[in-house]
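Below: a set of structures, written as structure tokens.
Shared between the two complexes below is subunit A, which has subunit B as its partner in the first and subunit C in the second.
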Partner chain A sequence: MNDLCIRMEGVSKRYPHFLLDSICLELREGEVLGFIGANGAGKSTTIRILMGLVRQDTGSVQVLGHPMPAEQTAAKLDIGFVSEDLRLYGAPTLAWHMKFVASMYPRWDQAYADKLLQRFDLKPQQKIKGLSHGQRVKAALLLALARQPRLLILDEPTTGLDPVARREVLGELMSVLTDEGRTIFFSSHNTLEVEQISDHIAFIDRGRLIAHDEKESLLERWRRVRLVVPPSTALPLLPGIVEVAGTERLPVLTTSQFDPDVVSLCQNRGVTVQAVDSMTLEEIFVANVQSRRELQPA
Partner chain B sequence: MNRQRMNYAVVRQLILKDWYLNRGVILGSIPVGLVALAIVLTGKPVAFMLCVILLCMVIVGVGAQLAFVTTINERKEQTLAFVMSLPVSWREYTAAKILANLIIFLIPWLPLTAGALGLLLLPGATHGLVPFTAIMALEMLITTSIIVTAGIITESQAWTTAGIFLSSLGINLGGYIFAHLPGISNYMWGTRVYWSPTALIVLICELLTVPLLLGATFFVQSRKTDFL
Partner chain C sequence: MRRRKIQRDRSQYPLRPVTEQMKGQSHDLKTNNLTPKKGEATVRTSPQCPKTDTRNHGRLDTIDYLCILSIFIMHTGSSRIVLSQTGGPLYQQIVNQLKAKIAVGEWVAGEEIPSIRQLAADLSVSVITVKRAYLELEHAGLIVTQHGKGSFVAADVASGPEIFEQELVAHLEEAARLGTTMGMSQREIVSRLRQALDETLDETRDETEGAHVVPKSSKEPV
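Let's turn to the complex of A and B:
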């Protein structure tokens, strides 16, 4: 139970203008990790290393117990991969793609593939070049899911989709989650989507992993505290403050280590706590990135 | 590095995939090549030259088209990510690309070369041209190997186009040089087939060049670390 599906230890990869720096990441079986980062943060490089398509300069990578990239073939037998920049062949039909993928996966589930065809409203005899972008993403997702992967790696799969197609894709991902053995590594810069389906969150910025935690814990710890500070009263020193906004008298503090005791601590110092607001994942991500960037300018 | 064994079933599937994607062009090239050969049968003086030009165009064109579609386009059109998401290693992918290009190219090359040689062996034909024609046919196989090598190793449209350009020039240059080697030119226009030592050496060198080029391609690709 809860075996490690992904284990990255001190993984670095240097490019002329980018460094993926000492990434350490673990993902257990059955977990859904939302991997959030801005464009160019290192999400795709991390995923390419996980898929064995790029060899790390240093560090070790294990996917489903296989060292990568050495045993990428064995690992990929149990991985379903959908990426924003993955395209199917234009001229052949979806049926041809299904047959081609099925020929490489002994566990290919044709009944499930047929079910997904109906659910996604896809026609197997349709040529890929005749499909809309949304239909192509759904076709790629079908090909990834019907191979019955233990690990799903999704790299911005919903980018460019219209709201209906996005809902359908996310809906299918949610239904996949009912299978507790299925592990998902979901990369996106759309925090709303990530928040919907993930139970663990990792933030990456400028090639560094800046946070990795359970979603609930992350959402619980981050708060925006609105205070009223009387004149001649000093702002109390609160733990985990990453940002102070507002005015001197009406400061708004963003903390990454919120504790309910903070309220009484403030009141004891004569400071009124006007409100304690929970934060969305997007707000947490942005605050986290900005505070790190202030500490470590590029 | 711990290398997994080559999965030949996967390599076979990848070759079949490339055949499926290119079968139209390849099968279409055979009748065009046969028409080129048929032109010779008209017996007109200009027919021989026209046949040679058409045959060269068809064979070199097929090789260039194959290399482009199977290597450059796969990266350009981002279908490489799809293939590499499958249980395929880079070695298997490279082996499949080399073999697919070679095998698929041989599908039109073999009947057209056999047809050209067969025509030269017809009564009344210039039988002495057989060795030279065989040499030129192998040179076209080398040309395709060069284009495939450029396509697979550089994955660049510009370099592959340069490869096509240079190897096409090489056909003309090679043809000129071989046609002027005494060991070939002295027997070229004779009425019987004569495999001179010079012709045999050239043929053997050409035959060795093909696996050497493709083997070097496999070696270079096997050492790459980043594929996407």
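Let's turn to the complex of A and C:
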């Protein structure tokens, strides 16, 4: 248990207009990693390298103990991959696809596949070209889940799903994890669901990993502190400030290293702490990205 | 690397968590609004379940029996915790609701409670979140986790009133600490407490008079 399922070390890849810059990432067995990034931040490139679809310029990648892309065939037996641009055949039915996938993967579980059909509200006799976008995503997820892969790599699995379908999909992903030997790596724009189901969170921006931490400690460290500063009093220097907003008398500080001692520290300088707000993952992500972009303009 | 299979049967957790968008429906200890009674929870968790038709003169038809059966299955197969998107940190909601379960005696001393992974799957929340909630309950002496065996309600768990008493003491200490750091005098702190008491009494009075009072969401500033 808790062996490393994914290990990336100093992985770089250069494109004419984009550089994926020395990514180091680890994911242990039985855990969920939520991978968050803006459009064009390098999420899909990272996932393609993980899957062996793109070869990195430098650095090493191990997935389920297999070096990538060298042993990608062996690794892929145990990886379920769903991405937005994954295409199924248009003319055949979902039932045909299920049979096709089952013929290649010995661990295919038909009873589980049937249950997923119901849960995802899909009809096996329907042709893929007649499905909506959301139905196609659910069909691809079904095909990946019923193979019972040890590692699920999902590139924005819930984009384009309605709220009911999204809940069913998240519920299904989480029940996969009652088996301690299974792991999920997923990217998403939806920070709310990442916050809900991830154990670890990684932020990527402009090709660089800017945070990689346990979810609970990440949420615990980021706070917005609202102060009341008396006239002609200096703003106390607090640790980990990434942003100062508000007005001179009523500043609002965003810190990435909050400590309850901050309250008494301010008090000693004659500054009143009006409120300490916890932040959502989305707010933390945006504050983190913006502060870094200000320090290092493109 | 050996694979360990904990649970293969997915039919064991038929109940998906219900997220309430409505304000004032969070069941935390502070509002004294505990886990809903069986009947209420049923209406909310199985919308396909029709109400008993009064024209039936109280007799139950087949559908009712099916509903009752499904209630029974849900009751035995799931933890029946309801998380709200607007109810504050998820781990805190879990802590509060499990505390309430123990306080009202739904879970008794020594009883086995869902494993961390099982509860995470039931609620569709991350394992680490449930782990954190369980750790907090362990520190409070309410549950014990035995490695490889599972988690149980502590054998010497305090009775309901005592749990609320501990909660009250913790809140009072926190209020005193906050008041002091904000530079308030003792007299001020006491008067603020009295003020809070008056407000609560007003709310209860309004409720008993039948006025519709929306309880404060735990996220709103007090």
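The rule is short, and it goes like this: the second predicted complex is superposed on the first by the 298 of 298 C-alpha atoms of A that agree within 3 Å, B and C clash if a C-alpha of one lies under 4 Å from a C-alpha of the other, contacts with A are read in each partner's own complex, and residues count from 1 in each chain.
Following the convention adopted for this analysis, contacts are C-beta pairs under 8 Å (C-beta built on N, C-alpha and C of every residue); 3 or more make two chains touch, one makes a residue touch a chain.
Just so it is clear, the model here is predicted, and its values are computed rather than measured.
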Have a look at subunit B and subunit C on subunit A after the superposition and call it: clash or fit.
-> fit
Regarding the shared-chain residue A:92, is it in contact with subunit B (first), subunit C (second), both, or neither?
-> first
Using the touch definition from the top, say if A:150 reaches subunit B (first), subunit C (second), both or neither.
-> second
In the superposed arrangement, which partner chain does A:65 touch: subunit B (first), subunit C (second), both, or neither?
-> second
Go through the superposed model and pick first if A:108 touches only subunit B, second if only subunit C, both, or neither.
-> neither
Just subunit B (first), just subunit C (second), both, or neither: which does A:216 touch?
-> second
Which superposed partner A:48 touches (first subunit B, second subunit C, both, neither) | first
So, A:278: does it touch subunit B (first), subunit C (second), both, or neither?
-> second
Looking at the overlay, does A:18 come into contact with subunit B only (first), subunit C only (second), both, or neither?
-> neither
Working from the superposed arrangement, determine the closest approach of subunit B to subunit C, counting only CA atoms, in whole Å.
-> 20
Residues of subunit C that touch subunit A when the two form their complex = 1-8, 10-11, 13, 16-17, 85, 89-91, 117-118, 120-121, 123-129, 132, 181-183, 221
Along subunit B, where are the residues that touch subunit A in the complex?
-> 1-4, 7, 10, 13, 17, 20-21, 77-79, 81-82, 84-89, 92, 225-228
Complex contact set, residues of subunit A against subunit C = 1, 3, 29-32, 65, 112, 115, 150, 167-168, 170-171, 173-175, 177-181, 192, 196-200, 214-216, 219, 263-264, 267, 272-273, 275, 278
In their complex, what parts of subunit A are in touch with subunit B?
-> 48, 51-55, 67, 70-74, 76-77, 79, 81, 83, 85-92, 96, 100-101, 103-105, 140, 144
